[in-house]
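The same chain A turns up in both complexes below, where it pairs with chain B and then with chain C.
Now for the complex of A and B:
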């Protein structure tokens, strides 16, 4: 009897998560690009936008502190994209169909798939934080704040991975997942990621940024770096991430059922 | 038929196909229009407060400041997207048939370059209209704007030759990051958000020697009606164009050898 057939759900999740992690590690492009690209942008933006710190009302005197939250968000977006693409490839390649013939449970399939994204979330968050500290940023909330920052970053990464999983299950094609990538970046760029909301001059942009949940995710991370302990910012960030996880996990489970019925 | 006439007929045929594909397939057209438009919207809308920073001097306003960047970016990425199309042509086998059929293979590269320039001109036109609708101020004359367009087309040609060299050497869509990342990094290591004097740290040092800085400063000069660094920008287009042409020629030879 196969390992899958005899195993309980945790073991099934472990098997699939291990496969997802190995798959990521064996593709350097999936590891290097999502980590290096946000750091390059961090360096460029913290030099290019440093003049903004001279504006009255800007929350910090060093743009690096302000911008440090952005790589965590970009890393989460890459996790969503890569996780979604891997799953879409499994669908296109018929791996999902073959799994459907085994006793593997649906939730285990989703959880296992997300294991890879979670792994990338943890690794990239640790690297962003380490690099940020090495190049001169500080964490106003101290060591405990750094731990909460890591927890929040991983939670956000997981939330976006759930979104990527849903898109992959619904669309079933890597190209469709790629097509969603610009949309993820639109969400990031139309938020308060690069400029504080109170200093955004254009009314329409400030309005969009205020309704964009990504603003609150970024501000949650940023609060730990710049302000210290800000209960409201943290509650909003963790709350939105938790809502995203709940919503996209439920949608993913529904999309998986639909897909398995189709096959 | 002379060699020049053969090159011309190949170039026009390839250019027509490229333009036709780009304008009839929304999957090709939309990203090349939406990305610059989106960057324009996001930067001009979200970052305009930075124009109030001390020593930020640009008389035409922040939308115009960013329009110049988006022009250069659209031009460069028009070339990169054409590189993607060349790689796809190799993956589907079309490029190999083209190499066999074309009486002058240099004309193939020129054709791709023309299609990239047409594409860039269209995107710049769309962004320009969007800017005008949103109240962007243009202080440059018609002549300045035409000069801006000519420079952008030069940038597009350089980027196309660069991407062609990669696409013809590797002949796979997986080479896409190699085509776009260097151009992306080059563009963002230039004064994108603020004038160069306000950039701090190592990026300032790099930006001083980055040809993209000359393109951006010249473009902003044209937009504000106070042309600046035009000679440097022109020299960069010509110099980089010559290097990129050699690079593309090497790529073409590599594709020919691969058969």
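Now for the complex of A and C:
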């Protein structure tokens, strides 16, 4: 009985991702709120701020098209928060020690955790897009553009999940992860999420939005909805998301090594 | 003595930030199939020792081999040989008992074909079959402990580490767990390293006991040998007539030295030889015409051993700083 083969890493990732998905499904608040809240905000903004489209230089005549990118970003932030809190609970409750006593590899833990975020990213992106189309938005880049939009949204969601994973591993507490949430939202509000950069009157706000990477993530999604195929906007959005993934995965791996000091 | 079920520790030190030595140069050996009780108050260094021996913390100095593998250099091999139930039961509140078993079996590399049957068998053995498909958040404390132990046994470990496994359990659950631990050692030949702060637990279960205080092992041996080392049985007599205390003391004087009374109005004498003198004591009391209301023979306890070695009683010794510093300091040493 002692001659057990060590489980292979893909199998470990599969098991841990399955657990992460179960976590999401079994906590309705983790599914309903992150999906419903951004859609409610979309409905409110697109009706209340429609007059903004009359400003000279506004990129579209329908604010819904302009605002459709925002739920994807908010969903990504919620996914980061929820995934991070789940991992922090594992640390606080000692479940990480249980996992550390198995042959599980560190990268498998991170990948499994992110598997849950990926699942949530796909589901929520599909819902946002479907609802957006049902209530009157269109995708200027067509069907292919819709597929690229989904891919970009899931990539962005994954990037923020990597950030959430790093924060959880570093802080080791659910409260600390929650403490980061307002910061994420400040980043969203100080971007071009609600207003095009060229129409922001306040210099400091326009400056911050220009340096805020979230602006380029939003604009990448928005370009597919409003403009059609904009190679530069897409390259910037995918590039920033990829950089975030690389940076926060590396930081997560480092944070896990310092937390899991098993020999 | 080193075999694939033994534990060997020499000069083990675990130091945390700020120079706090939770474990300060301990030596111990546990033979295959033995139940070793690691007894000490809160903050003595028990859990830190377990964390080092189970590879969750690297040692700061000294050596330790578990199942023939060095804990500092062959962590993966050690982990493959051991089962561990840590002090805080770590379950996922959103997973059922059966899902816990499947996850653990998968991560431990139990062949896919055997996962379900092995998990179900352990759930049955620990009386959890009926609750197998309920989330662990609905389990009672005893059920959570049992599931924790079942998970530790899932991959058939040769050595089992149990860190205060009965803390917080009711008497019935505690006894059931003792029975299971004893069965594992006697029938399956599993080596058990058990930490506890309960004297009775160490006395009942352990083949040998190591007593740790402030990171240092202060005594080690079989419970009987340890007790014999430090103390002899005490006889305690309460005369029916409170005025007969002097006569009672005089009758008992030839058998040993008088010690502090355990009960008000009693005369207690530590016997020079063993409990064999009891018949003579009864005869001496009869000759002295002392009417006896109560007579008891007290065997020494492991608390007496602890008291003799540390100058403190185990019962109150735990009200001291926690042994494991806060989480961020763990990575420091």
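The rule we apply is simple: the second predicted complex is superposed on the first by the 255 of 263 C-alpha atoms of A that agree within 3 Å, B and C clash if a C-alpha of one lies under 4 Å from a C-alpha of the other, contacts with A are read in each partner's own complex, and residues count from 1 in each chain.
Criterion: contacts are C-beta pairs under 8 Å (C-beta built on N, C-alpha and C of every residue); 3 or more make two chains touch, one makes a residue touch a chain.
Computed from a predicted structure; not experimentally measured.
Asker: When the two structures are overlaid on chain A, which partner does A:41 contact: first (chain B), second (chain C), both, or neither?
Answerer: Once the two structures are laid over each other on A, A:41 reaches chain B alone.
Asker: Contacts for A:103 in the overlay, against chain B (first) and chain C (second): which applies, first, second, both or neither?
Answerer: Touch partner of A:103: chain C, not chain B.
Asker: Name the contact category of A:186: first (chain B only), second (chain C only), both, or neither.
Answerer: The first partner, chain B, only.
Asker: State whether A:51 touches chain B only (first), chain C only (second), both chains, or neither.
Answerer: First partner only, chain B.
Asker: Given the touch rule stated above, what does A:242 touch, chain B (first), chain C (second), both, or neither?
Answerer: neither
Asker: Check whether A:201 is in contact with chain B, with chain C, with both or with neither, and answer first, second, both or neither.
Answerer: A:201 sits against chain B, while chain C stays out of touch.
Asker: In the overlaid three-chain picture, which partner chain does A:33 touch, first (chain B) or second (chain C), both, or neither?
Answerer: A:33 sits against chain B, while chain C stays out of touch.
Asker: Of the residues on chain A, which ones does chain B touch that chain C also touches?
Answerer: In chain A, nothing is touched by chain B and also by chain C.
Asker: Provide the residue numbers of chain A that touch chain B in the complex, in ascending order.
Answerer: Going through chain A, the ones touching chain B are 29, 33, 40-41, 43-52, 54-55, 182, 186, 189-190, 194-195, 199-202, 204-205, 209.
Asker: Please give the residue numbers of chain C that touch chain A in the complex, ascending.
Answerer: Within the complex, chain C contacts chain A at residues 4, 54-58, 71-76, 78-82, 84, 86, 88-92, 94-95, 99, 103-104, 106-111, 135, 151, 155-158, 327-328, 330-331.
Asker: So in the complex, which bits of chain B are touching chain A?
Answerer: Touch residues, chain B against chain A: 31, 34-35, 38-39, 42, 44-50, 52-56, 177, 185, 188-189, 191-194, 198-204.
Asker: Can you tell me which positions in chain A touch chain C when the two form their complex?
Answerer: Per the touch definition, chain A meets chain C at residues 1-2, 4-7, 11-12, 15, 19, 22-23, 26-27, 90, 93-95, 97-104, 172, 258-259, 261-263.
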